[in-house]
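Look for chain A in each of the two complexes below; its partner is chain B in the first and chain C in the second.
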Partner chain A sequence: MSRLLPILTVLAAIVVLWYGAAVGLNSQWTYDQAARAGAEPTFVDVIEDTMMQDRPVLPAPHQVAEGLWQGVAGQKITSKRSLVYHGWITLSATMAGFALGAAAGLLLAVGIVHSRAMDMSVMPWAIASQTIPILAIAPMVIVVLASLGIKGLIPKAIIAAYLSFFPVLVGMVKGLRAPDAMQLDLLSTYNASEPQAFWKLRLPSSMPYLFASLKVGIASALVGTIVAELPAGATQGLGARLLSGSYYGQTVQIWAALFGAAILAAGLVVIVGVIERVVLRQMGLVR
Partner chain B sequence: MSWQGWAAVLFWACTTAVNFRLAARWPKARAVKLFVAASFGVTLLVLWQGLVRGLEVSPVILPAPTDIAAKIGESLDLLWLDFSQTILKGALGGYLIGCGAAVATAILIDRSPFLQRGLLPVGNFVAALPIVGIAPILVMWFGFDWQSKAAVVVVMVFFPVLVNMVAGLAATDALQRDLMATYSASYWQALVKLRLPAAMPFLFNGLKIATTLALIGAIVAEFFGSPTRGMGFRISTAVGQLDLPLVWAEIAVAALAGSGFFGLMALIERAVTFWHPSQRS
Partner chain C sequence: MTAAPVISAKNVNLVFETNDGPVHALKDVNLDIAKGEFVSFIGPSGCGKTTFLRCIAALETPTGGTLTVNGISPEEARKARSYGYVFQAAGLYPWRTIAGNVKLPLEIMGYTRADQEARVEKVLSLVDLGGFGKKFPWQLSGGMQQRASIARALAFDADILLMDEPFGALDEIVRDRLNEELLKLWAATSKTIGFVTHSIPEAVYLSTKIVVMSPRPGRIADVIDSPLPRGARPLEIRDSKEFLEIAHRVREGLRAGHAYEV
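Up next, the complex of A and B:
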């Protein structure tokens, strides 16, 4: 409880600030409407109106919650207006890309740990590529692949895979090198072969690192998928929902899609965290 | 596949063999490390060039590196215009405001453990969210010019820097703080002489993460509307015209700007935290 109280206080403060900002930002429109009608609105009228405009500059929290609820529960899940439908499109591409990227990162990390030449040649570029804003070219990749006739889930999954690849690679290289010299020496006094050392020592001791980087990786895979859904022409997924909302000025729709994406991201990270706890407990590596 | 393709594959095989030999022979030498890394990069470019030419890949799908270099050479003015719009105004402006605000907030909430316990989990949570999604909203609020891009960047860099700075301010141990207390140092003296310097390695960690985020934010925000200049605008319109060499030229500029920005922060870090074990080896 003592841990929950400060968090709830901060969240409450954010909601209060949000309502204040909503009144401040939306009141302009209310005053304009009133001036056009020749009316003189009282302060209470203004506040009341700013809470329930159709296209507010900043929707109030309850409007966003209502939009979210409408999108999740108020539609059939096959409807084009359902957030569950769009969320599922985004989630499936994210998971496909994440699986691909994490597997590739794992394999390359194993190669790097066992081959000095690969370490020397690939690692500097892997780290340098982190500083490049790859996400910004995601829409281009989509358009080029679409012109090749590859559409749907695969191009988005490629971008998600690319983004989740590097955190897993860097984390796993660190993790597979985590055993110290004494432990490795012990295994060589046991006359353990390289594969035996890998399965019995390196892989188990890399698990905490693996899960830390999987959490980063799955979050960035989701970001990659959403950005990949932005180019014009996309009609499915949370990213497309954001874009169509911004085209038609449907602010409530944008915020609902944004919160849907946030809930999805939080859910994915929590799921990886739960798996982490179970696996580490099974292996006796409780933190 | 024509001869260029085979030549590139042969070159790849040769450099890989040389690299393996060098790495096995002198595993510790600095020059070998640099050479192996550089030759791997060059090999990738040669392989790209050779395969594009050898397999006669259409430039609409993937232009060859030489085409891209030629495009960079002939459109330097355009690239500079986009660079100054997106990087210098949008990304750098937002980066300075966002990081400054995050550091100031961290110092403010540092005096209240209650706020720290509340803000840190929220900050960590927000840092994992797809924040780029607020780009369309901020473009609506701040208009199409660079101010809206800077606003997106501010929001994107704020939380990673905040979380790192708060962790950094807590990095001094009790012994060091006691020493300051025996000197009867005031809060501000202890802050400036002990806790800010001790926070620097953490702060720079956050600042380096934020460089990439700043560029991503500035470029992606331009997809939602921008004046007729800027890297994101140019990428999306050039894709529409199938002018892929120009797209890749912009990507090359973005990559160079990203690495340069990151390198600059790493240099400043080395100058500021010269005392830290990770910088001394």
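Up next, the complex of A and C:
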């Protein structure tokens, strides 16, 4: 309870502010409608109306919650209006991209740690790759791959991987270099080979770094997937849901999809966190 | 001396090139260590005692002179796994049990599984850690961790044991006990031991030969062959006249080498 109280307090404050903002932002429409009808709305009328507009500027929390609930539980999960359906499309591309990106980051990190040439040549490109706005590059990847006949999950996974490989790369380069000079000297006195040093010392030592970067990486993969779903033509996934919501001014739909994505991201990070705790505790690296 | 020395240094020099110019870490070091000796290197920091031990272990390479270990170069001796090395920190892997840590060099050197088990059990009882094999490092005190790291260095067939201030981070009471145990261990294994310390009582209590070193440049100021009996020495020996005489000579050697000038 003592841990829950601060969280609930902050949550309550956010909800209160949100309701206030919803009243403020949506009231213009209420006044306009009333003026058109020649009516003089009371303060209570205004508040009531701003809570239940069809296309509010800012949907009230309960509207978003209802939208989310409708999207998750109110539909058959195969329906095009189901957030579970769209969430699954996004999740599958996210996981594929994350696996691809994490593997790429891991392999590049191993190469960088063991080869000075790779250290000098790969790292600057990896950093440069992250300075290009993903919003600019995603449509091009989609279009180019589509012209090659590759559609659906793979292009999205590639963009997710493009974002998620970087934190894994940076984290693992640091992690694989974590053993101190004494530890490496010790292996040298055993005349251990470089692969032995990798498997017995470097890889186990890097585990805390690996999990920290996997948490960032999996969230990035989700962002990458959603961005990849935004370019015109996508009809499936949370990104497409966001886009169609903005086409038709369905603000509740947008917010519901946004929250769906946030909940998905939080869930993924929590899952990685749980695996992290189990593994690191098993390894005696945390207590 | 009849047998060839296990470790032989002739005019060994080591100069580190730094941004502030060359640093003479070792200057004209001449030393022979015979089989089965317990040799302590004592001196203030910067006297090159650790550097010399690292040269023997081929973790540093002398820039001049000749150094042989078992009659071959230190690098060849390292590749032949001729020595076990104990660092100041135990450096046990937290993800391995104590037995797993002791097994580490055995796995790397390709001992059979059955041999590994047998050796781990043997060396753990040798350092008085029998029954602690399944524990993890964090479950052990600092002194016990250091004993485990000594067991790790003893697990494979190396007849030289190099120890770089192995008890430097431990309190004096634990240290006394470990010193006593180390002497027993040495008697039981008949290894040649090189031991770096900055404690005069520790050096005198343990050694058959004490190498007093002094800094800037790192060099040998005095080599003292101890008249104390070999093998088990009770801790009380430190109150004896001989002991105090050697300790005095060590101190004189340090003073002559300007070791006390800061």
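Here, the second predicted complex is superposed on the first by the 280 of 287 C-alpha atoms of A that agree within 3 Å, B and C clash if a C-alpha of one lies under 4 Å from a C-alpha of the other, contacts with A are read in each partner's own complex, and residues count from 1 in each chain.
Methods note: contacts are C-beta pairs under 8 Å (C-beta built on N, C-alpha and C of every residue); 3 or more make two chains touch, one makes a residue touch a chain.
Fair warning: this is a prediction, and the values are worked out from it, not measured in the lab.
Of the two partner chains placed by the overlay, only chain C lies in contact with A:Gln196; chain B stays clear of it. When the two structures are aligned on the shared chain, A:Pro124 is found in touch with chain B, with no touch to chain C. In the superposition on chain A, contact of A:Leu222 is made with chain B only, not with chain C.
Of the two partner chains placed by the overlay, only chain B lies in contact with A:Leu11; chain C stays clear of it. Legend: residue contacts after superposition of the two complexes on their common chain; A:Leu230 is shown touching chain B, with no touch to chain C. By the touch criterion stated above, A:Lys80 is placed in contact with neither chain B nor chain C. With both complexes superposed, B is the one of chain B and chain C in contact with more chain A residues. Partner chain A is touched in their complex by these residues of chain C: 57, 59, 78-79, 81, 83-85, 87, 89, 91, 93-95, 104-105, 107-109, 136-138.
On chain A, the positions that touch chain B within their shared complex are 3, 5-11, 14, 25, 57, 115-117, 119-122, 124-125, 128, 130-133, 135-137, 139-140, 143-144, 147-148, 215, 219, 222-223, 226-227, 230-231, 238-239, 242-243, 245-246, 249, 251, 254-255, 257-258, 261-262, 265-266, 269. Against chain C, the residues of chain A that register as touching in their complex are 182-183, 185-192, 196, 200-201, 204, 283-285, 287. Partner chain A is touched in their complex by these residues of chain B: 16, 19-20, 22-24, 27, 32-33, 36-37, 39-41, 44, 60-62, 114-119, 121-122, 125, 128-130, 132-134, 136-137, 139-141, 211-212, 215-216, 219-220, 223-224, 231-232, 235-236, 239, 242, 244, 247, 251, 254-255, 258-259, 261-263.
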